[in-house]
Amino acid sequence: MKPPLSMAGIFPPIPTPFDATGELDLKALAANLEKWNRYPLSGYVVLGTNGEFPYLTESEKLTYFEAARKHIPPTKLFMAGTACESTHSTIALTKKAAALGADVAILVTPSYYKSRMDAAGLSHYYLSVADVSPIPVSLYNMPANTTVDMPADLIIALSQHPNILGVKDSGGNLAKLGEIIRSARPGFQVLAGSAGFLYPALCVGAIGGVLALANIAPQQCCDIVSLFKHGKHEDARELQLRMIAPNTAVTARFGVPGLKAALDLLGYYGGPPRSPLLPLNDAQKDTLRSVLVGAGILGAGIGG
Amino acid sequence: MKPPLSMAGIFPPIPTPFDATGELDLKALAANLEKWNRYPLSGYVVLGTNGEFPYLTESEKLTYFEAARKHIPPTKLFMAGTACESTHSTIALTKKAAALGADVAILVTPSYYKSRMDAAGLSHYYLSVADVSPIPVSLYNMPANTTVDMPADLIIALSQHPNILGVKDSGGNLAKLGEIIRSARPGFQVLAGSAGFLYPALCVGAIGGVLALANIAPQQCCDIVSLFKHGKHEDARELQLRMIAPNTAVTARFGVPGLKAALDLLGYYGGPPRSPLLPLNDAQKDTLRSVLVGAGILGAGIGG
Amino acid sequence: MKPPLSMAGIFPPIPTPFDATGELDLKALAANLEKWNRYPLSGYVVLGTNGEFPYLTESEKLTYFEAARKHIPPTKLFMAGTACESTHSTIALTKKAAALGADVAILVTPSYYKSRMDAAGLSHYYLSVADVSPIPVSLYNMPANTTVDMPADLIIALSQHPNILGVKDSGGNLAKLGEIIRSARPGFQVLAGSAGFLYPALCVGAIGGVLALANIAPQQCCDIVSLFKHGKHEDARELQLRMIAPNTAVTARFGVPGLKAALDLLGYYGGPPRSPLLPLNDAQKDTLRSVLVGAGILGAGIGG
Amino acid sequence: MKPPLSMAGIFPPIPTPFDATGELDLKALAANLEKWNRYPLSGYVVLGTNGEFPYLTESEKLTYFEAARKHIPPTKLFMAGTACESTHSTIALTKKAAALGADVAILVTPSYYKSRMDAAGLSHYYLSVADVSPIPVSLYNMPANTTVDMPADLIIALSQHPNILGVKDSGGNLAKLGEIIRSARPGFQVLAGSAGFLYPALCVGAIGGVLALANIAPQQCCDIVSLFKHGKHEDARELQLRMIAPNTAVTARFGVPGLKAALDLLGYYGGPPRSPLLPLNDAQKDTLRSVLVGAGILGAGIGG
């Protein structure tokens, strides 16, 4: 029997590069991945929230998955965001992503009919997909975008399915993470969903994180895990505290447009978001730059 | 110069019929429309929230729009739900719907990146679509599903665009409706988004409604408008009060599955919702039946 | 048997005047009431939300009730805000207010332990007070301040108590008001809790309102009721629409400090709120002034 | 110059004992404190949220503070909950508590006028009290009860005041705690506000906690701190995970009535809460008992 895939370590949820006309820019994707591949990242989430997944057509998603696979080395995990609002479409897209070489399907909760996305509805969704998916499934809880917050009990129940590998939780409720770690199926893998609480999440038993910040500070995010593993708690803590402000800047404060602007400042390809997301204005870019400099992510003399 | 289209009167946002295998059932659509066409409804919203629009593929949407057009007489307005999360996809789908004969595009707010769907983001979205849409556009505010609530100021500003016809607002904030009616461009058309507050919305100046309840109580909804117009306020009020409980049953309480179950009870085709929406269980159906009987929508001896 | 008290008509929830040192200013109270008494108001709410009730000590409350009684003519209803967080304190204060001549106790929901203020907790509270209160009790639902929103079902159940006279609901959910009016005990009195939806509330069956705006536009608020009663719906509607912006200014936008500033502009005594409420700054006062002028509440040449 | 008081370690926010008639039971207070005093607790919070502070009159509060001081040894810190909604009343009560021997005033945010409790309002409140309080002040952020959530920036700004000692934050946002720890005045003391995230809070730099759970599991809470200090991270983590379920039971799930019922089960005096808080029913008590047994807080054979 094959051992289960490991989701341990750090995964950037990579932004999707669009060119000036708004089309997919696969060369920029290749160039970005080439840079990220030099870091000890465990893999990538392709078409997560930071990948603007709701803004791609199905055909664009398939093109993009195919291109991503080419540039993600086999030693790194390719996690594909294949959730659609309906169970049927999610299954269809998951199978296609698997055929294109994705290793894991990471599935954000459906959310449009939020009052009915209770334990029964969400269980039906995840179990139906997990039953037939050719690749393992990871739950993905993202209440800031969905306003659906899967409770610990539901995640614990779903962890019993052999094809549900783990959960990325972006809610930041550490007591909930702890409850899941204590009561889920042994081996169920819990990932922090934001770099703002990576280190404390590791302390309660998470094994890594899917972190927007890992796009722009991959080494620092990996270092937090490494320091933690080697028992260097005080160093891990200091690095964690330094990473909170830049993490907030590219998530809650400036969102995907902020993350793309930060990539541009750092020599990656960021480029424009798709409308109705709007690019940062100059004042916002200046604020962002000074946050990155303050955190030591961007050199003081660079990026101007 | 052509006079602007009128959205006055009652529009059911029709549920999308699926057969037992989950496929589009266009015969059921035709049969339902044939029945609804006998009522003095002003038209239909096709693929609104009650039409499970997030659960159809683009190709299914086009097939469905085409079929709907065939069975909607030219005397009734065909309002098509063509909103996608991205501006670009919304424009593309709107143009296709127009080519298939839709009269109006009714566009719910994008919502996944909700923290960035502020006045700037939403203005960019609606103005971009309105600029190029071959058919008039109606705003559609649905905070219960999107958790994005367009403020009165934004709606008033958008009302200046000549291709933005009006707004359907489901939030139920009558002071906000009044503010829009007072300050928007003269002729801007305001529709109540729920039958629970249809009559008071008419009183402050709305000209009709897009009402889930109009699927199962079309005559009663039209009667409220008619009584209001003829100054029969007390009769309008009594009918309104009688319609609140059944409206709640097929909206907040049991959602789209409740609306479909009610259609089944009344001799229309309701059928199953798509997963992860789950059909009502028997106890829920019993409750629903007794609410419909209590409101006089379903005969006491029928529906068993 | 005595007929039940009528709460029909308009009641301003009067702000509590404090002098420059923050002490109760009973002369200002007398002067304000003398002015308000000239209008066809049905009475006053003393120590409601706009009366800064959480900022007075018990002994100040009693002094203030006593003074208010002196200046409220017997032809007008004196509704006293006597709610405390605990049932026991609420009963004690209600009895004292009754002894000082209050006609009705108007009781906002307790809210600090909001997760436990469910139907059982709130029923226990209201029924315990109503059982022993020497004066009739009015429910008071104010979700913007309490984040507790009494559902229609609970209000309908409580309406069965013979000493619970009615409800003031500030939530603005007209469907909920309609549901209460349809299903509560006959004679149960429903009051709009904000002038933003007074006219539509009357249309569904409310009999009046407790309205912050009635402090600064008493005649206009009374006129809406009067026009409605005489079937002059179009005039009522126009006046209603004109009153929405000033109402928003002295409630959601600028709060109690805005209401006090407006009183000052209009020749009443407004004075400073108690800390941590802060008085408006000059820019805010200018905005407020222009809103009042725009609505015809303040003469264009006055108030400078 | 005197060194600042240390709030390091564990503080139970003790429930206020009422007898069967609802009166303060000071003998029960003495008996409870006698038991708690045997544990290595750093002190007590008297009249916090778990002390039902909104349900006591001012005169009861003074009686209770006086009694508490008698039974709290000088080696343990006496933190008094002296917040009122108004700044003026808070200052008055704080001075009286100081005169009765309280060591620290712990002040929850005012919350009734929540839309105006912005940075300006809350700064005015805390700075006004800190300026004149004879004892140091601790901020207390409790969004579950107040729905006011002080942002990190505001807490960091307030930390500059020499009489503001620290903050208890119950929100559970670890990134926010980290941000405060990184940017507040050096020496500013951060306490976890719930045992559900005590260990991860220590990991990011908190120095202890004010924990409802510490009333019923004082040794375990102190052990988490002690294990952490000695670098025994894995043991701390295991104990933390075991404490999450009982903590949830006596906070979010069953609230103060649950905490009192747990005290009764464990041989302390819990007694009834004041109305409108209602005591647990038998089924809830059974659930609570089994959670406590499951966590090893209550012996399997005890408490029946």
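So that you can tell them apart, the chains are marked A, B, C and D in the order they are listed, and the count of residues begins at 1 in each.
We adopt the following convention: a residue touches a chain if its C-beta (ideal position, glycine included) is under 8 Å from a C-beta of that chain, and two chains touch if they have at least 3 such contacts.
Because the structure is predicted, anything quoted here is derived from the model rather than measured.
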Going from chain A to chain C via touching chains takes a minimum number of steps equal to 2
Chain A and chain B have mean C-alpha positions lying a whole-number Å distance apart equal to 35
Cα centre of chain B to Cα centre of chain D, whole Å, reads 50
Among chain B residues, those touching two or more other chains are none
Contact graph of the chains (line, ring, star, complete, other): ring
In the complex, chain C touches chain B at residues 172-175, 178-179, 181-182, 194, 196-197, 199-201, 203-205, 231, 233, 237, 240-242, 244-245, 247-248
The residues of chain A that touch chain B in their complex are 22, 49, 54-55, 57-58, 85-89, 110, 112-117, 120-122, 124-125, 128, 144-147, 252, 255-257, 274-278
